[in-house]
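Next come two complexes, and both contain subunit A; in the first it sits with subunit B, in the second with subunit C.
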Partner chain A sequence: MSSSRSKALVTAAPHGGAATDPVAATMPGPGPGPSAASRLSASAPRARRRGQGQAFGWLCVTPYLVLLGLFGIGPLAYACYASIANPGGSQPSGLGGYSRAFSDFRFLPAVADVAEFMAIYLPMMVVGVILLALAVQEVGPRLGATMRLMYVLPGAVVGSASVLLWYVMLEPTLSPFGSQLRAMGFTTGAEVFQSSNLIWIFALMAFATGFGQWVVIIFGALQGVPEDQIEAARLDGCTWWQTARYVKLPAISKYVLYMVIMTFTAGLQIFVEPQLLYGLENVGSQWWSLNQLGLYYAFNNGDFAAASALSLLLLVVCAAAAGLLIFKARFFDTEVA
Partner chain B sequence: MAFPITASRARRLWSAPRVVLLGVLALLCLVPMLWLVLAPSKTESQIDNGSPLSFGSLGGYHTAWRHLISYDGGVLYHWIANTAEYSLGAMALGVTTALLAGYALAATRIAGRRIILVATLMAMIVPTAALVLPLFMEVNAVRLTNTAVSVILPASLFPFGVYLSFIHFSTRLPREVLEAARIDGCSEAALFTRIALPLAKPLIALLSYFAFVGNWNNYFLPFVMLSDESKYNLQVGLGALISGTPALNPSVGGSQLPIHRPEVAVAGLVTTIPVVLVFLFSQRFLVKGMLDGALKS
Partner chain C sequence: MRHNVVSTSRSLIAAAIALAAGLLITSCSSTTSSVGSASPGKVVTSDASTTLLVWTDSTREPGFQEFQQTHPDVKMKIETYDPTTLLTKLQLFNRTGAGWPDVVFVSNPDQIANLASTELNFAQPLDTLIPAAVQQGFGATDDSCKIDGKLYCLRNDIGQTVLWYNKKLLTQFGYSVPTTWAQYEALGAEVAKQHPGYVVGDAGDQYSYYDYFAGSGCPVQDVTGPNTVHIDLTDATCTRVASMLDTMLANGSVSKDSLFSPDLNKLGQAQKVLMLPGASWFGDFLFKPASSFNTPNGEIAAAAYPAWPGETTDYSGGFGGGVYVVSQHSKNMKGAAEIVQWMGTDTAYQKSAPTYPAYAPAAQAWSQRLSTDPFYATDPFPVLQQQASKINPEQHPTSFDVQAAFTAVLTPAVQSGKNITSVLPQLQSELVNLAKAAGYVVK
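Showing the complex of A and B:
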């Protein structure tokens, strides 16, 4: 990463313009102007105001920094320490926590489970949301607003409530979609809730709860594509798909990347669905996902070093994705310093 | 004679199926919610044998509620009170700190501002679930697990709120206005309370919504931090009901418990309704906030 890129971060930049330091902006430049004495007398109150501003700024930001230190950076530092020292654990300290975490017979299956889940969930979410947002944009504004509201609604039911709802929806003897499930060959819950179907079930649950808010965001991004470009494409005889493919999608590529990365980092942390479904139907395992496995290392094996090592792995992957979004794609860039 | 399909004709042909497809998907989104609302009105056998979307009776809600509150000596009341305490506590702390930090980052030139912003963005993108286990170990080291503080304080870290707040003050509070007020002798504290805060009412509503909903629905953090059932929030309590009673899992013992599907559905409703209501009433600014937070550039 170039140094200019590393400097190009989000800072106060109204309306996307280059941010200007109000103090620096009002400082006179070289050349003809007020005398040195008047400059000195004018700059003294400014310097005092600047000092007061800095002090007040620190006062305001300190409570947040304390929280960030204690519950953002602190756990990270503690995980680094615990992965080596293994506090409270019976296993030896050192780098053994890493080897135990990554050589455990449950580790690779958990990685495979999460990877397969992501391989289905991520494309389903990205393609589904883009197509839906494009389609919603084409219907009238009132109908479109109603659709968007309906799509976001399932997002209000998350966590254990979502597991409850989806358990019922997929249980052929209880579900309003029972006849469709039976037509697909599923007559009992035991036939639906099998290990081989779990990835699809979790992908469906995650899609249903998350797609609505992304449709809203991508729809909002599409609304920002200049109308004259779309009209020009239409006049040139472009079909709906050609307009979307060559005009709209390139214009919203950053937003799509944002969705991909946020969906990726959230999907990587899958926990509540496999945890509760295992308790309900005894399907999957207590270490189906990586977060479940970390919990298992900590509370069933008493191996906090291995749990910390696994958490650090997940954090590193998520932080790399975040770094990609911030620095490489410059998604949040509003100022080139 | 065959007519070539022009772009406008293709668009018209595609229009009706598109509306139908979008409408069907919208209905599919409604069906689970409808089931959740209707299920408690029915008896267990009506749920098992009747139409899934039929209505039982109003008395069904009362019966299911009565059974539910008799579970474990009325622990549901604790769960409701805990959820309110954790959500409102974390919301108050999170919104206050986010508002102050966002203002400071936007309106003042403190040293290290860029580093704080990068750290905030990183914390915003990395999901909180990734930090839960290390958080547990950290909180356990100071022997604070199984307390309200162990849920409220970590949940008060609200980097998304700081980012939204920063964007809001950066774009809505012109630097010229601030500088003019400073030249007129306005103190920094007065700038914040008399100029910035009155402009931030929509922002406070938006931050409160995100913080409240996020904390109300929090599962992983309380699940890991809390071991005493009376300290659970509704999400973790509902999870315990789902997996620990024979309501949905007949293999669990304790069939003498009056907790069946209608009761679990009531618990699901209690868990969900506040969020759905808040969501419906705040839909307009919510959409704007999602766009602002995600896409400001």
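Showing the complex of A and C:
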């Protein structure tokens, strides 16, 4: 879940009707870049300022690139190597790691678990965040700011703290909402924490920790919808819902797609919630999700090759999703209006 | 941009084809993980100048510190560690080539098969490091430390299952203590009819394996040879347990709640747990504590485990306890063995231990705790001692996760009211798959 947060921090919300996408401003290279600065003056000073702008851009991006190399590209390269060479393992090296990883009897059930989880979590997140962001915009600036703060707060409780909090909230004998749980028909903790309810429990946990930051981003995107378009829609007699559906949502469609893909990649790698809930409540297993299975391969079977192979599979899927975002949706293209 | 997209998608397709080809090629290769076979260990070392790194839990830490003070010639450094990370850390140490602890107190005895495997290569065989007389003092309690005939750990304490019961309530209701499982089932039916709400057992979680199935001799961890395990849930020793539990779960005399759940806790606090087949530490840790069942003094007693028809011995299951392991990578295995031997056998230390010591003379000294304890109606020690040598020898240590299989199959079935008998085939396939994935040959 933290990967979606780090990506969210990179993309700040645009203000007003700025033509330049601030994300593009952080990407180095000729062409795009701080075009606002370059528009301001005549040719020679413009070239110098463009050079300064480029240098500053590189300065801002270098720390990220260093960290990306150390903790992103480096481990990726090692995983590719480990999946074939199986360093330190007793299994033979070669492509056997891939076949062991994918032919294990727990692999397909883990894929099914994660797929079912995504089928609930993704729509819940997207629809929930958009509705809440629209609501925040409707209630006006002051109340809206308070609401945004309230939504972001649950995101402060992540990982193991979040699992413990949710365990207490959902255990009928311990929960402050015990009477509501019993009204819903759950009298014992075992009835709540059944393996068939797991996807709902994890979706709730993931939603609670993630929705706040996305509301902030989608709200920012909504603020970028030109006022005159909304005025025009209102003059034409559109209701709130019609304005949202026909004017606002198309205008922020790129951000919605961005949220969908970030949520997808984060959800695909779910690990903490099933791992901790298994330890707490003995429900699920140590190989419920794909990431858990990878950990099990590595540290219970000592099979780093299979674990690397599984991780690379997850990477390929997430990279395909990111590629879709970048090239098909052209999310990082700047619009020079 | 167009050009980039095309070349990127081309290279992605190429990578996908390569991957698929690789998978096809390797699908024919036979790959076996060797987590099942036992490591032969390394040559015994005795460099007394090295500092031994001891990993312990907080309960055993005072013991290690006492040894350190009374044996200044053995240099040691004591650290507490998180038991859930043990296997992970050892894998990492194997890869970096340094950092292994010399002595570990392992709180999950099921892990010994993993620790002794040729995959992890961690546990050193102790047959030559521990004197024969001491090994005899442990007797059958160290059987759960033996893999392929070699002793890979020393037992600290054992969780032999006994029949705990509330003597006061039992006499009050006019029942007698069952000596066979048939009598136990009949008692359950009586209790369900005359005193609904009271329970005589619990099968709501994976621990039912230790409390019911293991004692019966159900082949789940029946290691019959190196890397070979016999798993057969169609055996009569398994089906008799399943049908008994089905009847008792149906009439409510056996609880569906997990042993450590708030729901069984509530039942226990209301003193409605009439009887509980369970480990030797149930008395002190489940019935006595105020936050647990909080049973008043003078009510709880222990009886011998019920017997199945046709069995000459009333076998128990082995549920919990801890073991001491010496590392193969230690530069001073003799010193490390001295530490674990003292921890396991020292009467003065084990006398104050919280749970039943595995070493027979130490257990004898420990018995004073129970005989002077006003909590028990009658001294349970003779029963505990009797069952200590009767842990069913078919319960071997294995490197596949039996608890995970029971959690995945048995617990949901019990919770939803399904018959255990009907899910035995599913449990069988889950156990067989796990054993095969761990590298065992399943017969």
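In this section, the second predicted complex is superposed on the first by the 264 of 337 C-alpha atoms of A that agree within 3 Å, B and C clash if a C-alpha of one lies under 4 Å from a C-alpha of the other, contacts with A are read in each partner's own complex, and residues count from 1 in each chain.
One rule holds in what follows: a residue touches a chain if its C-beta (ideal position, glycine included) is under 8 Å from a C-beta of that chain, and two chains touch if they have at least 3 such contacts.
For clarity, every value in this text was computed on a predicted model and none was experimentally measured.
Within the superposed three-chain model, A:T188 lies in touch with subunit C and out of touch with subunit B [touch as defined at top].
Of the two partner chains placed around the shared chain by superposition, subunit B and subunit C are both touched by A:L174.
In the superposed model, A:G74 lies in contact with subunit B only, and not with subunit C.
Once chain A of one complex is fitted onto chain A of the other, the partner contacts of A:I230 are absent, as it touches neither subunit B nor subunit C. Counting residues of subunit A touched by each partner, subunit B versus subunit C, the larger count belongs to B. After overlaying the two complexes on the shared chain, residue contacts for A:N301 are found with subunit C alone; subunit B is out of touch. In the superposition on chain A, A:G323 makes contact with both subunit B and subunit C. By the touch criterion defined above, A:I199 lies against neither subunit B nor subunit C after alignment on the C-alpha atoms of chain A.
In the superposed model, A:F105 lies in contact with subunit C only, and not with subunit B.
When the two complexes are overlaid on their common chain A, residue A:Q286 makes contact with subunit C while staying clear of subunit B.
Within subunit A, the residues touched by subunit B in the first complex and by subunit C in the second are 87-88, 173-174, 279, 282, 298, 304, 323. Listed in rising order, the residues of subunit C touching subunit A in the complex are 1, 4-5, 8, 12, 15, 19, 22-23, 25-27, 29, 31-35, 84, 87-88, 91, 94-95, 114, 118-120, 204-206, 256-258, 261-263, 266, 401, 404, 407-408, 411-412, 415-416, 433, 437-438. Of all residues in subunit A, those touching subunit B in their complex are 7, 9-16, 19-23, 26, 49-50, 52-61, 63-65, 67-68, 70-76, 78-79, 82, 87-88, 132, 135-136, 138-139, 143, 146-154, 156-161, 163-169, 173-178, 208, 212-213, 216-217, 220-221, 234, 237-240, 254-255, 258, 261-262, 265-266, 268-269, 271-272, 275-276, 279-282, 291, 294-295, 298, 304, 307-308, 310-311, 314-315, 318-319, 321-323, 325-326, 331-334. Listed in rising order, the residues of subunit B touching subunit A in the complex are 6-8, 10-11, 14-15, 18-19, 21-23, 25-27, 29-36, 39, 47-48, 52-53, 93, 96-98, 100-101, 103-111, 113-114, 116-127, 129-138, 140-141, 153-154, 156-157, 159, 162-163, 166, 169-171, 174-176, 178-179, 182, 187-189, 192, 213, 217-220, 223-224, 235-236, 238-239, 242-244, 248-249, 251, 261, 264-265, 268, 271-272, 275-276, 279, 283, 287, 290-291, 294-297.
Across the complex, subunit C is touched by residues 87-88, 90-92, 94-96, 98-100, 102-106, 171, 173-174, 188-191, 194-195, 279, 282-283, 285-286, 298-304, 316, 320, 323, 327 of subunit A.
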